[in-house]
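The next part holds the structures, each set out as structure tokens.
After this come two complexes, each holding chain A, first together with chain B and then together with chain C.
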Partner chain A sequence: MNQPFSRRKFLKLTGAGLGSSFLGGCGNGFDWESFFQKNFQEMTSAEKNRVVQRLEKKYSGHYGMPVSVSATPARENTVFGYGLDLSLCVGCRRCVYACVKENNISRDVQIHYIRVVKMAESERNLEKADHYYSPAKVPEHGSYYMPIQCQQCDNPPCVKVCPVKALWQESDGIVAIDYDWCIGCRDCMAACPYRAMKFNWRTPHIPKNEINGETHFLGNRPRVRGVVEKCHLCIQRVREGRYPACVEICPAGARKFGNLLDPASEIRMALNHFRTFKLKEELNTQPKFFYFFSLG
Partner chain B sequence: MESFFLFKRGILPRLLPHFLGNGNLRLSSLVVVLFCLIQLFGTIRSYSSETEFFVVPPVAFSSDYFPCSECHKDLEANPEKRNLHQHTEIVYKDHAEDERWCLDCHDPADRDKLLLTTGEKVGFDASHKICWQCHGSLHNDWQHGIHGKRIGNWDGRKQYYLCAACHNPHTPAFRPITPEPPPVAPEKTLKRRDK
Partner chain C sequence: MADNTPCNKEFKHLLGCLFQVLVKGGNLFYGWMSALFCLLVIGIYYLIPQMSEGLVVANMREQVSWGFYIANFSFLVGVAAAAVLLVIPAYLYHFKAIKKIVAFGDLLAITAVIMAILFVQVDTGRPERFWHSLPVIGTPNIPDSILGWDIVVLNGYLLINLVVVMYMISSTYLGKEPNKRFIMPLILLSIPWAVMLHSVTAFIFNGLAARPFWNASILAPRFLASAFCAGPALMILIFQVLRKVTIFEIRDSAIFKLAEIISYAMAVNIFLLIAEVYKEYYSDTLEFAPMIYLFLGLDGHNTLVPWIWTAMFFNLIGFLLFLIPKTRKNFMTLNIGCVLIFIGIWIEKGLGLIIPGFIPDPLGEIYEYMPSRNEVMVAVGIWAFGAMLYTLMARIVIAVDTGKLRHPSAAPLVLDDEEGFIARDIMSRGVLSVSPETPIEEVRTILVSNKISGVPVVAADNKVVGVVSETDIVFGLIYQEPHLVETLKSIVMPRSREREEKAGNVAGEVMTSPPITAYEDTPLTELTQIIAEERISRVIIIDKEMHPVGIVSQIDIVKSQGSGRSVKPGIPHSGSYF
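Right, the complex of A and B next:
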């Protein structure tokens, strides 16, 4: 047998050649770790740490400032509830822009987590609501204002429809999104009766000097084009024990936040003592976002 | 204050006529009373476990006006209702002005202090004590965090805003403010993209 090139040798060489060209082609700049990154729910804490460190390095390099990414887990015996006092809301939209700033939301191709609608005093039909009011001063006589954002449902339709389990409910009640796992199908946008889901049609544009460097993996870390996002109750703040940004900015003190399992919390006090309703309660989404009337 | 809160809104006032109307307290009533007491004190304990807080002082006075005694020490206190020529910034309106005037809250003897109906003097940094003489239910709500604004930690150290931080004591209705710009309407976004 005097074969110069055996069949075995041919296959070996071809395989090696193809493999090396594939690796070499993708080698520069291709991030294997992020390619094989798991769903956040399936990561072990060691894996979470590694991912968080990689993201911190990536974001800090991109924005030229220290950006921290945390993966703080939910606290035990905590279910977050949110209350909004419609007697006091003056419709000033301070919450909308505080939220944009806190959560690194795209400015150009505008995304707002909170929509504030104006309604005539006698009106209860949301189809008659006005999003684009801009008088010189608010509140105007004869109108009331109703901010609408993610209602953190206990029976969330967005979670049900997500085909890739990029959306789920955390044990503290926050409906969270893994932005790396989202495929951008927008089924959740169609499913949500509150229009809480927002889609990044373009790469989010945030001025570099306005980046909030304190981020959470499931919260305000920078997003990319083609993923959905929504209010997450400022997960980066509330898991550290702080109030959400919209609560702190509200000049009327109309926004209440707290632990629904703590009978002395502000939200429980409000629910116990005032007239309360849930938005679109008949859909059985079971929101943990309550509207109440402290006066009258 | 907590016990008052419970008394006003709790189970006790509803049951009270039941005891009073009977003339003699029966054993079952006693059991109910004991049950109520246990409820009451149990709840109080859970309330008093509330976390520490401190208050945000209201807007500071400008040095032009404070201390008040600097000018007022030579002036005799005038209880009459009149237009204030010096303090043009003070308009006392929409706050039961027919019933009250300056010296119902300001101490005529010590101009740097406010005067409670009990005769106790309080500083301007405790002006909320003046307010809750009439607005008791709102004070209750404020104490439990359901009226007024708080910042800080939802489960820890937090700041309470005092009445005067949001309400001008002389014209206490919430003053209208300029709203932030409305969101960009979708049709406008489309137009911009077409350019």
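Right, the complex of A and C next:
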């Protein structure tokens, strides 16, 4: 649905009536099965399997390559936490693009789950942040960089305001979205104090050869236009025991990740050794995303 | 309404009659409807790219994720809630002139709610998934989500108003007395429901800690106050159009009552705004930024500045026009005030409320928003649709209320006046009068031979200048005997005002002047009040040129009780619910 609005499409749509344009967002024919698909939270495991199989077939056909969709549930005794060492971050934005690639995020229009802003060393006010810094080389003297993404709140305002329960918190702490249930009202975007929610203003476009075929239902499976998405800590990776893509790519080692319930985890080490802070702590969103300065 | 033939032959012709009511009209009607239809088609034309390409054709972005659509939504919810401003005076205070027109307020509520729902629908990314928010088939996030509640409250308000209007209209159509025990609770429920509707809508924005501009507890009261300005302002304009282009009668007193309400609501609205601006200005925290952006511009970004100052200017001028009784009761200035307030509130509570909530965004970025052409044209289409809907619904209500659309076996509609008797109904006509030069002797003969107690004195230009009553004549006879005057004063109709003892031989010398007068449409209640307060026996009824057209004496009032144009049981009155 990326081609510009043509006369032919106009005739097709007006001919079929407004109703079909209303419903016909999915391309070739209307998919009644996905229209009546239930909220993921209400599906039995049998229903989940059936939906997952249908989606695998649909995505594989569409992208001409095998695409797997998992519905792996949260592991027991696991709550994920994330640490960000602002002393080490050099502002290279490799995390931003690794995330885009890993999570099958739209390239056109561009959506980024991670936003890295540049701040003067003495500054803590985000209103003074530079969102569009673009020097030849990073880091720049006298500045520090602050990557911001979904803070995986324990008291998430987005979940609270969602009118249809398309957003919820999984038992491993990940705030998940059912893209097939979201109605696109964007109340969560207004509610999020971290600008974590991203909206597909048009059908997300990903070149076919750049598709990541390993996907999760609540994670990086292909999205449709008109729904929200956001960082899910690479749910398709972390539930298989791997690092999120941003942690893996970070050349400075500024990103720490692990199970908050495991005393030996990397994130617990960071929490034990450094004085951490949470972004906009006064809003009581209780992020599981911790910032700290490891040096000076 | 060109077609005035009664449309009540057979029941099976109801649909035919309804069809006639809906499609038959004069050139004005056809012109109005075709213009609106064109706008609707244009709106749909601009909606199609949004449906096929996505909301990317709007100017909303990640930073400003709600825009023109939601601005219109919150404004229209206010217009809908303002319908209670007719229900309260009509049913709690039994203000008769408003009772007659309360149905038009309900129609406005219905129209505004439907338009609000349409604005939400065009704003959502997946409108076909709206059923996810419904109980049973969907998973509404209640009680957590205020938006979830708003869907319930909005549809509930629509339902209540639809039931009330349809029930009332069908009882009038069938010529049956409405069952008050069924409908009154619903009507009364609509009052708190309207307040709830608008508060809950305010709470959607109010409850977001991420948006300091909205996160002020004064938001819901501000919503209500501004709604009670814009809603009635629109109603006043609609009512004047209705009574101009249809045969339906809407009294000035109803319009002026609404105008009075606007003046109070606007005062509260301005006060609340000042309170909010003060708090942000004086505490001067970082949360002041959105307000600076709105009123002064922030770091060179000032798209909204001319808009908000236009709104402030319009609101203030409108408020002054409504505050001064002279301009409030002059239709020219009243209408200017209505238009100014409607536009002013539409800006203030639309773009002026929604957009600064997003600027600067939570990460401090400023993205300046103005609606795209698609957004504006889709909004125009929805407004045109609303106007068409209201026009057609109002035609049905008027046809039923004027007896044009009526069940064939229903008793004929009694065009009874809800305000009860007015002077015209009970006054004695064919007024005898005398001139100031008429000798007292002659006046006395007239009083005696006609068995009346007083007669108006009319000057050469046929204007009433005074009244000569029995009392005046007696006073004229005894004026030289002060003790008799005193006694008579205390027993015979003592007047509130001091009377000068006058003697003379002609009517002009003994008459009471100026006379106590009233107009033909003065209600009976007011006439009795005048008679009691002025301690007189009769009121001269005059026309606008001060020419006498009748007299209402105490005996006329006595006679009017239990006879004349009383309401026959079992037949609903025209143009009103009860």
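Please note the rule applied: the second predicted complex is superposed on the first by the 264 of 296 C-alpha atoms of A that agree within 3 Å, B and C clash if a C-alpha of one lies under 4 Å from a C-alpha of the other, contacts with A are read in each partner's own complex, and residues count from 1 in each chain.
Here, contacts are C-beta pairs under 8 Å (C-beta built on N, C-alpha and C of every residue); 3 or more make two chains touch, one makes a residue touch a chain.
Please read these numbers as outputs of a predicted model, since none were measured by experiment.
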Report task. State whether A:143 touches chain B only (first), chain C only (second), both chains, or neither. Result -> neither
Report task. Based on the superposed arrangement, let me know which partner A:186 touches: chain B (first), chain C (second), both, or neither? Result -> second
Query raised in the report: Where does A:165 make contact in the superposed view: on chain B (first), on chain C (second), on both, or on neither?
Result: second
Query raised in the report: Is A:131 touching the first partner chain B, the second partner chain C, both, or neither of them?
Result: both
Requested in this report: Have a look at where A:39 lands relative to chain B and chain C in the superposition and call it first, second, both or neither.
Outcome: second
Requested in this report: Would you sort A:194 into first (chain B), second (chain C), both or neither based on which partner it touches?
Outcome: second
Report task. Identify the partner contact of A:115: answer first if only chain B is touched, second if only chain C is, both if each is, neither if none is. Result -> both
Requested in this report: Answer with first, second, both or neither: which of chain B and chain C does A:60 touch in the superposed model?
Outcome: neither
**Report entry** Most chain A residues touched (candidates chain B, chain C)
**Finding:** C
Query raised in the report: Does the superposition put A:68 against chain B (first), chain C (second), both, or neither?
Result: neither
**Report entry** Those residues of chain A which chain B touches in one complex and chain C touches in the other
**Finding:** 109, 115, 131
Report summary line: Given the complex, residues on chain A that touch chain B span 85, 90-94, 96-97, 109-110, 112, 115, 131-139, 238, 241-243, 247-248, 250-253, 256-259, 263-266, 269-270, 273-274, 294
**Report entry** Sites on chain B touched by chain A in the complex
**Finding:** 9, 46-47, 49-50, 141, 144-156, 158, 161, 166, 174, 176-185, 189
Query raised in the report: What does chain C use to touch chain A in their complex?
Result: 44, 47-49, 51-56, 58, 60-63, 65-66, 120, 123-130, 132-133, 138-141, 144-148, 150-151, 204-205, 207-211, 286, 289, 357-358, 360-365
Query raised in the report: What residues of chain A sit close enough to touch chain C in their complex?
Result: 1, 5, 9-10, 13-14, 18, 21-25, 35, 39, 41-42, 109, 115, 117, 125-129, 131, 148, 157, 159-166, 181-187, 189-195, 197-203, 224-228, 280, 283-284
